[in-house]
Amino acid sequence: MIKENQEVDGLHKNFAVINPCRFCQPMGALQALLGVKGAMPLIHGSQGCSTYMRFQLCRHYREPINVASTSMSEGTVVYGGEANLLKALKTICNEYEPSLIGVTSSCLTETIGDDMSAIIKKFKESYIENSDGKCIDVCADVEVSGEDADNTIPEVSIHDLPIIPISTPSYAGSHVEGYDRTIKALVEALAQKFSENGDNGKVNIVMGTVSPADVEEIKDILETLKCGNIILTDTSESLNAPSTGDVSFFPCEGTGLDEIRDSANSRGTISLCKHADSGALLLENRYGVPSFSLPMPVGLKNTDEFIGCLTTLMELETSKKLERDRGILIDAIVDAHSYNYGRKVAIYGDPDFVAGMAQFVSELGMIPSVLCTGVSSQRFIEDIKCMNHETGSEPTVLAGGDLYDLHENIKEGDIELLIGNSYGVRVAKEENIPLVRLGFPIYDRLGAQRVPVLGYRAGTHLVDLLTNTIIENYYDFEGEINVP
Amino acid sequence: MPYKLFDVDKDIPERKKHTYVKDNADPTEDIPACNTKTVPGCMTERGCAFAGVKGVITGAIKDVAHVVHSPVGCTFYGYGSKRYPTSQDMPDGSKFPIENFNLKYIVGTNLTESDVVFGGMKKLRQTILETAKEFPEANAIYTYSTCTVGLIGDDMDAVAKELSEELGKDVVAFNAPGFSGPTQSKGHHVANHTLFDNLVGTREPLETTPYDVNLIGEYNIDGDLWVIKSYFDEMGIRILSSFSGDSTHDEICWMHRAKLSLVRCQRSATYIADLIEQKYGVPYMKVDFFGPRYCAENLRAVGKYFGLEDKAEKVIESRMKDIKPQLEFYKEKLKGKKVWVFSGGPKNWHFPRPLEEELGMEVIAVSTMFEHEDGYEKIKERVDEGTIIFDDPNSLEMEEIIEKYKPDLMLSGIKEKYLAHKMGVPCILIHSYENGPYIGFEGFLNLTKDIYAAVYNPVWNMLEFEYETEGGIEEMSMEETEEEVAK
Amino acid sequence: MIKENQEVDGLHKNFAVINPCRFCQPMGALQALLGVKGAMPLIHGSQGCSTYMRFQLCRHYREPINVASTSMSEGTVVYGGEANLLKALKTICNEYEPSLIGVTSSCLTETIGDDMSAIIKKFKESYIENSDGKCIDVCADVEVSGEDADNTIPEVSIHDLPIIPISTPSYAGSHVEGYDRTIKALVEALAQKFSENGDNGKVNIVMGTVSPADVEEIKDILETLKCGNIILTDTSESLNAPSTGDVSFFPCEGTGLDEIRDSANSRGTISLCKHADSGALLLENRYGVPSFSLPMPVGLKNTDEFIGCLTTLMELETSKKLERDRGILIDAIVDAHSYNYGRKVAIYGDPDFVAGMAQFVSELGMIPSVLCTGVSSQRFIEDIKCMNHETGSEPTVLAGGDLYDLHENIKEGDIELLIGNSYGVRVAKEENIPLVRLGFPIYDRLGAQRVPVLGYRAGTHLVDLLTNTIIENYYDFEGEINVP
Amino acid sequence: MPYKLFDVDKDIPERKKHTYVKDNADPTEDIPACNTKTVPGCMTERGCAFAGVKGVITGAIKDVAHVVHSPVGCTFYGYGSKRYPTSQDMPDGSKFPIENFNLKYIVGTNLTESDVVFGGMKKLRQTILETAKEFPEANAIYTYSTCTVGLIGDDMDAVAKELSEELGKDVVAFNAPGFSGPTQSKGHHVANHTLFDNLVGTREPLETTPYDVNLIGEYNIDGDLWVIKSYFDEMGIRILSSFSGDSTHDEICWMHRAKLSLVRCQRSATYIADLIEQKYGVPYMKVDFFGPRYCAENLRAVGKYFGLEDKAEKVIESRMKDIKPQLEFYKEKLKGKKVWVFSGGPKNWHFPRPLEEELGMEVIAVSTMFEHEDGYEKIKERVDEGTIIFDDPNSLEMEEIIEKYKPDLMLSGIKEKYLAHKMGVPCILIHSYENGPYIGFEGFLNLTKDIYAAVYNPVWNMLEFEYETEGGIEEMSMEETEEEVAK
């Protein structure tokens, strides 16, 4: 049964969103920008936006997260945000010296209609490079006395510094669109064809809103296949960083600007998140880099599809290690099956995650029964319909739903397992269903950034995790199972 | 020159006036500039006015449904906010049917592009009606403006008024869009006035006693309120209304009937105490229950007001007996450790003296993100000469403070915590807590234990890879071998 | 407080062992032999021994485990086990064609006093290689008709086939000694110095009774350091095998016989299990290969010691990846600390595991409060005393204890976390303490073979695991923690 | 020639007589050789006599403490053995104080080298005394010989006798060292005789009824006993004594007072039924409750014996109504699937017909590890022509069966399960179960569901890496690109 928000009588409510299951666009923009080495995100809006989002990101990743704000306030709202944006750009350029600034809009600045591109252009044009490489004259409201001059030269000259406007109105779409638009904006602004038929021998991978550990798994797979790659974007180190005694105010690792520039010369782009393939399509349309939008490679079939697409595109042989990992995943699924089969599962989160995970639990013999995503996506509904056709399952699909809808639909069924972020814990507790925490945010456990789901190897750990949750909750017979 | 420009701020000299180094010779009015707009592009830790209303004040009330009039983002961000648990106990002795209702649900109007163009009042109306239907147990509905709504100009008060009548329960609109004011403090102000204007005096308590107080500005973080309540219970003082930890909608409505208001968080809630005093003549007293000395002093003051001095002494004595020997142990261990306190507002002047007096620590810096002049004056009063007091720090300043002054501990919020951790400095959460409650006598012991554990975390001695070869393992091992072989 | 079994008044009982915390020696022998490529273990005893042990191994690893038996019975017991052993060797040689046979004794054959070496010698001496490479004439009690002849040539000629006797009397010591004796027997029988001052540039690593995933972690570390190595013994693939459609009746991967032979030419041997360093000492004494007995590298300090010893010995620089892994472990420990500090922990299992884990939980700020090992080991007691000295903790130490002692001692304290194998679940349930399943056997969860504890990276996952268990059980406040 | 030598057995031709292929023309006595010693070095799935006693029979009794007289290994291996839960209900209506006591504890004498030299009787004595002290709730203590003890010659009966008197509770010694007999079946035999000789007839039941039965050879695996009990309860038949699932020590002692013995597992427990009949004249009936038809037939037979035919019909009818439509669904799905049954003993002749009749499956092979002649005769009777019946398979034979005959399913134990899985054949545990109980009507449905799920495990369709390029992805994609670019 497909239930789209506000379109179906089955739902209790038609207007209210209760306990939302999606973020706003700027959050997706941050998730993308935090994988770009040296990038500073700047939210053009009220400072609450960046603070709330930093809060969510900090408590999930347990990392310092830096997001600048133009700190719009009553006075400035009336006159438009130009002065604030100019000043913010100046402050960031002088103080933080990033390699790129990603400027995202917000509901506030979209509503007042700021033309960010124009303001950025103005900033660059009216920017006067004084003797010490700082910009000082753009913002008329600031006086700079001589004593405040500094001789440090920013690593990137402000002339050359990419300052990329990204339109992310919070009142449309969700963080998924925000992520998509950001990837697109990055390649649009930076990618360059270096020669007519140039081929850098690499594959571009658009990751989607996955965990750093997922990026690491994909990079490991690419490494074992000896496949050159450009990851869009690579959060694997920036959002799972070691303690070193130092702190960085933007990703000190991640996708380099040169890599993004080079993405136009790749042999193809694989988007592991169908909802984030706009960048890939742009590269295809503008530079002829073929684009492949795949299901999130969770579990056997979807990973097979990724590996198949990748090896075909890049003309690679699969590796022995990958084959072994695949065999171990099969082994785990087989051994786990008697615990798992027929278990009804509810999954909520981003559309590609939910679709991928639904396919995976089907492979385990479970029954995906309630699928909820906050995003109202036809593509998602198609994916689920296609999966239904193959697996014969008929889940209740909430596209554009919220956690309240999820809860209402769970009350109706005999759900035995819940998969999603920490916000579902209240549903889980009330219905006494175990919750496997996957997705974003996970704020009530440690190490969310270290839990991967993509690829065969992560799939095996996921089998162990899901099965052990089932055993813990439904099988414990004096702690003994299957003692012959 | 009591003001100091951080090295990292050379290009934003306007930050200088926000950073003050205490000098006992300075006149009282020398404090950091505060409560002004953040420099755009500075990595501020401040939040917005909506957070100040819902996240701080109204979200703690147990029996109210909250409708955020916003695009989906603000609704999400306002969901499951501060860690203020609520009991299910209602003033009439009944039980509210849903546990921690205040944390469990948030409702949003899910504004979209067409609402921005055509206005969102109809949607707000429908959402509130649905909320009333879905949550019939809610005793009131509070609804919140946000940035978008502030710009498109929806008349939320009109909707609230109309629906109050239609639904037969209070619907209250809070008009503090995110962009109002320089910090979340603006939201506190709006919340105080809105609650006072709309609710206080509209209901009468079921009964009154001569020992009824309003406990104002206590939000029950990690159960702080319940600690204070246990003292008051023993003293025979009744909390008629709590503003707003573990409170009910009705309690707010009958705040005018208390004999005395006690203001705990004086940044976020003195407003309403003032208003109640002005309109209803209920006097108020500013109180501080953090740290054993302040807690004792203030319990005595409250006791004195009600002629319950003896009972106050009893409470103090019994608690001190428990915690004193332990505090002495920890003081020995924490003596001389340097601490930087960075809280939202008043905890910055609640904590420095207790940390110094009870634990022998040295407060090297205090910073806040939304304190006003009066708060900074109190901070200044309570710190030693040389302490850096700074307003609305940005991330580079935080790095500089840590690198230059090498605190052994930071007290702050979660956004700052991991910065400190990355730099090898332990950080204790002070908005919500690690292992709270932190208020009162036993709460201070909790804090002390958390501090001790954080400072003495064994991993601090293992940051560097060390391997003792003791004169070369290979050699040593080979000698042994030869000996053995020789046997 | 140190309590040694049968020596201290504090224990309720002086004779009975109730719910044992150790296996018998042959089990340890199997754990070692299952990491040798092509090795067939043969238990010289009653067939119950091999069946019971296979059962324990199967349900832990969820893999087919093959262990042959000489199937001693009433009749044969009276006359000694020679006939059965000869016949069993013949059957195995002809039927399974392994690359090595490890013959372990049992309480039965030790009690009757079989001289296994002599019997094996007799088997080899009286062995007649007939035209088809099979041995037929050794066992007088069997008639072989012509039609049963086979033309398959065994891969290893029986003349050259190593058949290694391992004395593992079940009534002495435990599986830990059995493991130790087996490693020793393997190198004693096989290791050869190829030249006087020969140095193969490799390090020997004695793993101890750890999980396949642990071996994998150690191999990963050695690989990142580009350090040639010989693993004694390598269960990483044999006990975590993929589904391939085929089945092997002995480890199809693992340490090769050539590697064991070459172990005499290595630059040193590091035993990651102090109780299994006899093989290393033999190599030291006989071939001058220096031996280093280290604590099990669990957590920061012990892994530092391993890496320090390894890099010093092998004259290596530590790798960037290892440094990053170490930094992430520190990061995790720091972030986890407020949940963990002061938590009292009880740990039971093999002595090196308990000692290593006690050190690790101390690093997390936890208090190791009850430590129980079934092995009565002075070396273990010394390790714990040494740790106590450094960390200031004073655990109750049960050396030679059982799970009943463990339970009695837990009742006395305020233990908040239990770490050990599945048998502890009854204690955990009765006392309502969460159990983190580590060690052997783990029969009531899936994927035990895929849970590593050794090295920095595994340490990080262990921090996550332990901390999340603490959070799950002691912190859940409506699923929210630390919401500012 | 009904006997067959597996290809893999060319070098152990003695295996030939253990493998029989059913031919309807063969005389009844043509069955596989069985209950003989395993060829040394063969990878047998058999266990030992100690396992037969403690692991199968006595371990299921709820109120007895078990002392294994052994080095530590056997004690460990005997700990937490079969999955036979027990309720805390005692015959007198009281509750046994420890839940699943039979699974929770095992005691050992921890024999060491000096005991081997000097004898272990003193240690046994002391251990039993300690056991009595640590487990005062235990109503009896059973103690077990093992290989070492069998060799050193400790007189366990003497110790048991002495301590029975000293402790005032039964202490029973079981003399079945691991090396006795060719299989665990020897242990069953010893356990039956020991329990009969020492206990049966030594106590009188609290009350008797005309409908009292001994349910013999039912060990309550995964709750099987409780399924049967629910049928008997409805029929008005009382299980006076269970041997030994969910049983008590006392129940064994008063088995002689039943009106009828029912023997469920006829391999492990016919002995005691025989002995009771011989000595006390209690008749016995062999019963089979696996599969709906056998279950119905046997309930009818028991009902008839007691004149309770109507009640039996009611039980049968009510259960069949529930399961029949479901079984029909599964039969449609499982029709023609090939199955290999490999159990210890009787399940090999309990299951083939139900699998064929109810589910349409084809039993291609049956093997057992400790069945005797009588069992093989029954197996042979109940399988179709061509079915392979083999005794005590080794691992190579198992591989050959799977490779050559390609069963769609295997029913066996955990040691064999992963071999099957590695070869791509699903395996259902049949000693303990997957999602049991498996007995009776609803139990057979449970088994059917497990079979269906295992056979239709979606992963079987994904074993091979497959990637459909649909005519070449690159080409296709590039075409699209060109089209889009052309727009």
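Chains: A, B, C and D, in written order; residue numbering restarts at 1 for each.
One rule holds in what follows: a contact is a pair of C-beta atoms (placed from the backbone, for glycine too) under 8 Å apart; a residue touches a chain by one contact, two chains touch by 3 or more.
Keep in mind that what you see is a predicted model, and the values were worked out from it rather than measured.
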A-D compared against C-D, more contacting pairs: C-D
Rounded Å distance between chain A and chain C, as computed from the means of their C-alpha atoms: 42
CA centroid of chain B to CA centroid of chain C, Å: 52
Averaged-CA centre spacing for the pair chain D and chain C, given as whole angstrom: 31
Multi-chain contact residues (two or more partners), chain C: 55, 59, 62, 241, 243-244, 323, 326, 330-331, 334-335, 426, 478, 480-484
Residues within chain B bordering two or more other chains: 80, 104, 414-415, 418, 421-422, 463
Contact graph of the chains (line, ring, star, complete, other): other
Interface residues, chain C side, partner chain D - complex: 12-20, 22-27, 42, 45-49, 51-56, 58-59, 62-77, 84-85, 87-92, 94-96, 106-108, 110-112, 134, 142, 144-145, 147-150, 169-172, 174, 241, 243-247, 249, 374, 404, 423, 426
Chain B - residues contacting chain A, complex: 5, 8-14, 37-51, 67, 70-77, 79-80, 104-113, 115-116, 123, 126-127, 130-131, 133-134, 146-148, 150-152, 177-182, 184, 394-396, 399, 414-419, 421-424, 463
Chain B to chain C touching residues, read off their complex: 80-83, 85, 99-100, 103-104, 413-415, 418, 421-422, 426, 428-429, 431-432, 434-435, 449-450, 453-454, 457-459, 462-463, 465-469, 472-474, 477-478, 480-481, 484-485
Chain C - residues contacting chain A, complex: 55, 59, 62, 237, 240-244, 323-328, 330-332, 334-336, 339, 422, 425-426, 428-429, 443-447, 450, 460-461, 463-464, 467-468, 471-472, 475-476, 478-484
Chain A residues touching chain D - in the complex, by the definition given at the top: 268, 281, 284-285, 288, 290-292, 300-301, 304-305, 307-309, 311-313, 318, 323, 326, 330-331, 333-335, 337-338, 341-342, 362-365, 391, 477-478, 480-484
